[in-house]
Amino acid sequence: MTGRKKECYSLASIANAIGGTLVGDPEILISGLCSLQKASPDKLSFLSNRAYKHYLKTTSAGAVIVSNDDQLLFSGNKLISEDPYLAYALASKLFVDSPKFLSGIHSSANLHSSVSLTKDVFIGPNVVIEEDVVIGHRCQIGSGTTIGAGTVIGDECSTSANVVIDKDVTLGDRVKIHSGAVIGADGFGYAFDGEKSIKIFQLGSVRIGDDVEIGAQTTIDRGALDDTVICDGVKIDNQVQIGHNCHIGKHTIICGCVGLAGSVTLGAYCVMGGGSGAVGHITLADHVQVSAMSLVSQSILEAGRYSAGTVQMKTRDWKRATMRFKELDSLAKRLKRLERD
Amino acid sequence: MTGRKKECYSLASIANAIGGTLVGDPEILISGLCSLQKASPDKLSFLSNRAYKHYLKTTSAGAVIVSNDDQLLFSGNKLISEDPYLAYALASKLFVDSPKFLSGIHSSANLHSSVSLTKDVFIGPNVVIEEDVVIGHRCQIGSGTTIGAGTVIGDECSTSANVVIDKDVTLGDRVKIHSGAVIGADGFGYAFDGEKSIKIFQLGSVRIGDDVEIGAQTTIDRGALDDTVICDGVKIDNQVQIGHNCHIGKHTIICGCVGLAGSVTLGAYCVMGGGSGAVGHITLADHVQVSAMSLVSQSILEAGRYSAGTVQMKTRDWKRATMRFKELDSLAKRLKRLERD
Amino acid sequence: MTGRKKECYSLASIANAIGGTLVGDPEILISGLCSLQKASPDKLSFLSNRAYKHYLKTTSAGAVIVSNDDQLLFSGNKLISEDPYLAYALASKLFVDSPKFLSGIHSSANLHSSVSLTKDVFIGPNVVIEEDVVIGHRCQIGSGTTIGAGTVIGDECSTSANVVIDKDVTLGDRVKIHSGAVIGADGFGYAFDGEKSIKIFQLGSVRIGDDVEIGAQTTIDRGALDDTVICDGVKIDNQVQIGHNCHIGKHTIICGCVGLAGSVTLGAYCVMGGGSGAVGHITLADHVQVSAMSLVSQSILEAGRYSAGTVQMKTRDWKRATMRFKELDSLAKRLKRLERD
């Protein structure tokens, strides 16, 4: 909780860190990143969306990241990059105002005597770690986090505050879990005995690969028999629900508020748009993109973009359209009859 | 954690507190609020939905808040008000069974030595407050809440239990945050390097105005470069996700389970219905109302009500209709052909 | 946090515990449950979905639960059951790797002196329990849980980590609440005074029956005047939002990410599919099933299955269909005109 950095970098050292060709003054000091419109002379900006290229004429930025194609549009200090948006991402790491690396165990933390960890980890206030947990090097466990018995965490993982990782979960290296996320709660399974629901105890767990990021308040349930699996490089936004026995392929992106029922298999490099969902026991191929708030109710075997729902309308007009939707089958049949006549 | 009030008020003192014209016995003692159907003689009730006006004949309520137009329908003690629903809202404050105002810092709280606060605040058990946090007068910070470095909180704010406010967030006065909400987690941004997602560190924060209420488990992400902004008087229900760099105009209402992608601008006095959503980088004018579970996928420049989706049907009928939806473009073309013939 | 069991059972003792007719070796030791495909000789498997019956020929399972009809398909050790899926559910309880029953109050817990509990409860680290709370026999309160003043909890209830139960909530017996759930936060109610929203203080609470299970991150709001009610046997998955004054009938199933607005009444034995929702003040009969991500915007008085929305399409095709949806009323009128000609 101490020692937040606020550093400046010379343009040369930024070029060194993120790549690109520097044209202009290598000594100019940069204190942060900013949009073209709002940048001051101590800021670095970037042009990735060419709809904004007119701002190059008026920006006060001390330097701009531009593509090869756009470099002539800007006469000031610049970093020429093949992919300015990617270069901006790399530069953002330099300016993040994060705490210096911390280590030590806060006096209010409760660790079972069997916990295995090294001196270079940080365990925050009110953290609870149960028996047989293994925590890798340079992990940072935020305040109020609970880690259940038998969980194994790789190197350089972090949790923000009030995260819950239940028992027997496995995390790879460099996994980042944001505040309030719950990993490994029971999957939702019952058998009906004719009168009431009988709980199916969830005997699997959750296995998470390397370089996974998990958003605030997201829940990933433990498997019923086998494990729920999140592969390397998957990025999951806030408020996402991933049901038991889902298998999320490498580098797939899951935006906010997505809900996946049980046993959904997503391929690699998929994108589930915000608020989209999938019913249980279906499979999506690699490189499938699902639009915001679309439900996937059948497996998708071919890469591509998929959507469901209807676009917004004025409610007055929408009411008429949705009433006609109810008649749609009859309208189609009447049309066919006319065609036959 | 002590001293819960349970008070009675004379009808005269209630009239004094909430306004309205008292007709009847000013001395009658009222112990709480109740619906017309269930009220006992020590309860105050109200008629705002005129579909319930027949209950005025049978209610046992000790007194009723009625409008000018309805006053003759009830012969008992009454408070005549221009807006009975608003009068009921004002009266509800009198009867809320909340803890007496508390102050003091619980012995289990962890406060960095640089935290600035006054003697009139309450800091609950297991609260963690990091360096350079400033907390205004008469704030109540509930148990298990974590407040990150550099955050500034105005006067008379409260958090319920297990809230997380990350670093450098700004709250105005009288902001109320319910249990489990997470303010200022990272926005969801990555650049793709052709193989994997590169994190865009989120350098902005969250600025929240005065009189904002934020529901349980809601998440409001910090901005990428600039801040995410929630203006004065905004009310946000539970389980809402607000992406980075959203800007929510004054007095807008966001119902439960709404998801807003990044850089959405909502005008003032909008209503986002429960479960509705908006894709990124769009703008809604003032006074726009979006129906429950409708996706807004394009900017809305004109005030009014908007909807998407279809209404419920028996699944058997719905299956036929949704199959026809897939043929809709072809149906329309065939219709046009018939018209030409 | 100690003493996790990992036990083996003879097939005879399993038959004894879950019922069914044992055919084969009663002495074989079973260490766990597994799918037919993955089972090793120390595992018990089951066939409930007959699409998998070919696996009976190749499975290595030590024993299989089969129905009467399927028993001849498997020549190994078997338990013959009327309902193999139900038998599997019952067997799962034997193999759950849960902590042994714990009792005692962790030294870091904060309990008000007026709290009523017996010696057989377990109160975990950093738990906060406010005044006048009553906790029944053999309850297990997980780490970081906060329980508000006046709440009454029955016997054999459990909360996982970081649960919040606000004041004056009532829980029956055997209620299980998963991590991060919030019970009894304020309902979302305001009266508009022409300029701003005036809070309606929420004077009701939440009453939860026996044998209810509540998922991680789920929120159930307290009532405005009366209570929000969850009846016996209701099962609620993760990330569900239940608004103030909802009434959920017995044994109803609410899947993940469902949102119910205020004053929704669900009958008994309903199923709300994942991500579905209901607008406020409507009623669903008993035995209503709502499909995933369908909005219920009108009361449903007849048992059966209901759906809304459209099925997924390739986005290119969907764009054409959804544009035609906007013309649907006009298409229908044009069709009618043609029919008249």
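By letter and in written order, the chains are A, B and C; residue numbering begins at 1 in each of them.
Definition applied: a contact is a pair of C-beta atoms (placed from the backbone, for glycine too) under 8 Å apart; a residue touches a chain by one contact, two chains touch by 3 or more.
Bear in mind the structure is a predicted one, so any value in this text is a computation, not a measurement.
J.: How big is the rotation relating chain A to chain C when the fit is done on Cα atoms? Please round to the nearest 5 degrees.
T.: 120
J.: For copies chain A and chain B, work out whether under half or over half of the interface numbers are shared, and give different or same accordingly.
T.: Mostly different residues form this interface, as fewer than half of the numbers used are common to both chains.
J.: Take the average of all CA coordinates in chain A, do the same for chain B, and state the distance between these two points in whole angstrom.
T.: Their C-alpha centroids are separated by 26 Å.
J.: Do you know which chain B residues sit against two or more other chains?
T.: 108, 126, 144, 162, 180, 217, 239, 257, 293, 309-311, 313, 323, 325, 328, 331, 335, 338 - these are the residues of chain B that touch more than one other chain.
J.: Show which residues of chain B lie in contact with chain A when the two form their complex.
T.: Where chain B meets chain A, its residues are 108, 110, 112, 126, 128, 130-131, 144, 146, 149-150, 162, 164, 166-168, 180, 182, 185-186, 188-193, 195-203, 217, 219, 221, 224-226, 239, 241, 243, 257, 259, 261, 277, 279, 290-291, 293-298, 300, 304-311, 313, 317, 320-321, 323-325, 327-328, 331, 334-335, 338.
J.: Over in the complex, which chain C residues touch chain A? Could you list them?
T.: Result: residues 1-2, 4, 32-35, 38, 83, 85-86, 88-90, 92-93, 95-97, 99, 106, 108, 124-126, 142-144, 160-162, 178-180, 211, 213, 215-217, 233, 235, 237-239, 251, 253, 255-257, 273-275, 292-293, 309-316, 318-319, 322-323, 325-326, 328-329, 331-332, 335, 338-339 of chain C touch chain A.
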